[in-house]
Amino acid sequence: MASVIEGEKKVFMTGNEVAAWAALAAGADIMFGYPITPQNEVMHYWTRLAPRYGRKFLQTEDEISAGFTTCGGLQAGCKAFTATAGPGNVLMQEPYGMAEAMRLPLLAIIQQRGGPSSGTVVYSQQEVTLTTYGGNGEGHRIVYSTASHQEIYDYVIKGFNVAWKYRFPTFVMGDGYQAKMRESMVMYDPAARGIELVPANPIIGLSGEIGVDRECVHLCNIYSLEEELYEVLQKMEADYQKMTPEVVEYDARFCEDAEIIVVSHGVVSRAGQDAVKILRAQGFPAGYFRPITLRPFPQEALRKAVENCKKVLVVESALNQLQRLVKENLYDVALEVDALAKPAVGIIADEIVARYKEFRK
Amino acid sequence: MSTSAEGVLSVEVPRGAFHLFTNLCKGCGLCKEKCPKDCLIWSECLGSFGTPAVIPDDPQNCIACGICQQVCPDCAILIERKRVK
Amino acid sequence: MGGKVVRIALAGEGGQGVQSIAEIITEAAFNEGKEALYCPNFGLEQRGGVSIAFVQIGDSRIGAPKFKTGDIFIALSLRAIKRCRQYIGPETTLVYDSSIVGAEAEVPPNAARVMAIPAIQRSKEELHPRVFNIVIMGAVIGATGVVTMEQAREALEAKLGGKFKQNPDLRELNYRALEMGRDLIGKSGE
Amino acid sequence: MSAAQPVIQPKMPKSWYKSNKPHLFCPGCGHGMVLKALGEAIDELGIQSKAVFGCDIGCSLLAWNFLDVDSTQTHHGRTTPVMVGIKRSRPELITIAYMGDGGGYAIGSQHTVNAAIRNEKITVILVNNTNYGMTGGQMAPTTLPGQITETTPFGRDPEETGYPTRGPEMVAAIASEGAYVARGTVANFRQLKGFIKKALENQIAGRGFSFVEALSVCPTNWRTNARDTWAFLEDKMTQYFPVGEFKVPQVKEE
């Protein structure tokens, strides 16, 4: 496969365009998708770029189909992916479940929009619970929450690799802002940076003659006995726990001597970081913590970060989604948790600064 | 009629042989209804579900047409035909 | 954080070209080596309603994609002023077209500076009504100095080069529109 | 019987997976016959090693390890998109989507319709037994007017629940040139096998969507003995669901 990006290239584009380029650079073979704002341009750019590199696309009849065709493509050994948002993300929970159950290396780019229901087509961080724990299972998924176009590029490439290495469905979760806004970032050829792309391989439609060279493959996705499924789930959980330290990512700053730590993720963490810098400049001992993987959650890192602090301020464009994760992961730590929760609305640094000062009283 | 160790009921008929694999026969009776000579009956032998397996009532009535084999959902019947000279 | 970030909000009716202006300005800033972030408001108003563009230009990484109040707010219609007054604060320079009837009554009292410029009238009389949005772009550059006129011209070339090739007169027309906008604000971006 | 005589073996298709027979379907279930027709068609076309078989949820899920063919279990109604995904990714594979009437005409009807419209080069084999067998015999899209099921205890009333879905007729109406559409019945094995074989050949030739509905029987949920089972299929079902080919590609003579 010829490299898509020669060397390094600084560009100014939308996050959706970045996502399409990243999928190309990551060696994605085929995209299955269904229109939904604010994800549409991932498909728009992909359909324009893919033929140049011999990659494929299918627009399906709905998101259920887009998810399941992706599952089929993955079983056949192609780096298949999809992108969706909001109500589409809801419909895709069903195929994600299949990917979870059958350990298919599904990669989905999620651009969160306002909910519930059709909500807005604009922006939110309300798909955290859905993306991390949606579906009738235990949330054996990997969810990256990106904060910039650079990260969309980096984590889409990383996401494909992690998915194919560990075989858990992987999500690169942005939002409407990241989808539609333009900012600068550097595209690169992963190989030139020493990033080796994990090869794809089929689990069905194998080569060789059945009965001569090989046995047939029967992929099972439904079990007769509760014990059978239990065993499968035990193995899944064990694999997930084993993988966690290798995959989990976070960013922590100024936490050692912080009295209040601002916890935020995704695009909001940009404001979180700015707020902490402003507070520090004003002499307030504020700390900054950002989970990059929301699943698996950087529990150990967060617990370590809050060791010396008194309070945690969770900031999110949702009511109680990151907060729930934070509380769950700090369940036995004596800490006061407050939130600046603005569902479906953007958050700026000044608001966090103000809330911090209020919370401090 | 003979019964092999493998649970195969075999009946020589004028045009060949009727074989029934008792481990496969579930006793549904679909074959019985489709027999053009109406010659299949429930035998003394039990099939895989503990229900009686089928057998031709009189070997002379079986014409080895193979319809029972064709309609069996479980491939429990095999009709061997003698070569016509 | 680092250096000062200039925050620009543009609002107008769908089709007035506020998104194109934002796109060209940020593209120009990017080409100049600055950090730029352009975030369109792509709400349901995308078709037939008020369209808003949020632009931030600075020397280092830009934080949140949106902001509370802009350094400069350009409104191209009465509805745009009404709907977007929340983005006008004590540090905001509000620029609107002087042809907007009833604008004065809607201007929030807290704006730092208010400028009504005859962009529609002048572009119609002296240039062409179609380049009205480029006049506005010139005004934004004049008011903020976020990019040089040279970069603005290059970004225009990148965006409209195809059209310029077909009709070279268009290039001159757009350049003049850019300068007209800058002069209407009365400040040079060069 | 002399010792030298070879042990007589049942005549199963080569592409049947032998070690799990007898299979899991109920006594008299039509799935065995449809899968026998499919197995023989696979054998005759020599595609055992490049076929991918996908089964739906419902009784058809019991076919997940029925064939000695690479197979995958999907979700209810979602076999068509999974097979489309495989085919689009690896066009050299022969993909067979196997489902019941509920999967193809109710919960997954949008996939049937849109795969047909897009002329996806997959083969769909849909088994019509006029009810939801796995869940205990509820009304299916194909339940006949007046037919008693667990959810139509007084007989299906078309005024309330509409008329049975005529799948091949619908698919033939919406599929484009190159599609192959037929309805067979387990009561006519040879014909059914012929239809399935043609459907697979159509995919191999890359002409378009191929769809075979197989009229089948469900003695367990119909609560019928063998005689009434055949009678319901041959007398009642075929009245409403005519057997035959509905769309055959025009193959140009070379």
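Each chain carries a letter (A, B, C and D) given by its place in the written order, and its residues are counted from 1.
Throughout what follows, contacts are C-beta pairs under 8 Å (C-beta built on N, C-alpha and C of every residue); 3 or more make two chains touch, one makes a residue touch a chain.
Values in this document were obtained by computation on a predicted structure and should not be read as measured data.
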The pair of chains with the most residue-pair contacts is A-D
By mean C-alpha coordinates, which chain is most distant from chain B? C
Measuring from the mean C-alpha position of chain A to the mean C-alpha position of chain D, what distance in angstrom results? 39
Gap in Å, rounded to a whole number, between the CA centres of chain B and chain A: 61
Distance from the CA centroid of chain B to that of chain C, rounded to the nearest Å? 88
Using mean CA coordinates as chain centres, what's the gap between chain B and chain D in Å? 27
Does the chain-touch network form a line, ring, star, complete graph or other? line
Chain-to-chain touches, reported pairwise for every pair that qualifies: A-C, A-D, B-D
For chain B, which residues are in contact with chain D within the complex? 2, 4, 6, 8, 10, 19, 21, 23-24, 26-30, 32-34, 48-49, 51, 69-76, 78, 80
Of all residues in chain A, those that touch chain C in their complex: 12, 37-38, 120-122, 176-178, 180-184, 267-268, 270-271, 273-274, 277-278, 346-351
Inside the complex, what are the residues of chain D that reach chain A? 17, 48-50, 52, 54, 57, 61, 64-65, 67-75, 78, 80-90, 93, 110-111, 113-114
Residues of chain D defined as touching chain B within the complex: 1, 7-12, 16, 21-23, 25-33, 36, 186, 189-190, 217, 219, 225-227, 229-230
In the complex, the residues of chain C that touch chain A are 1, 23, 26-27, 30-31, 35-44, 61-68
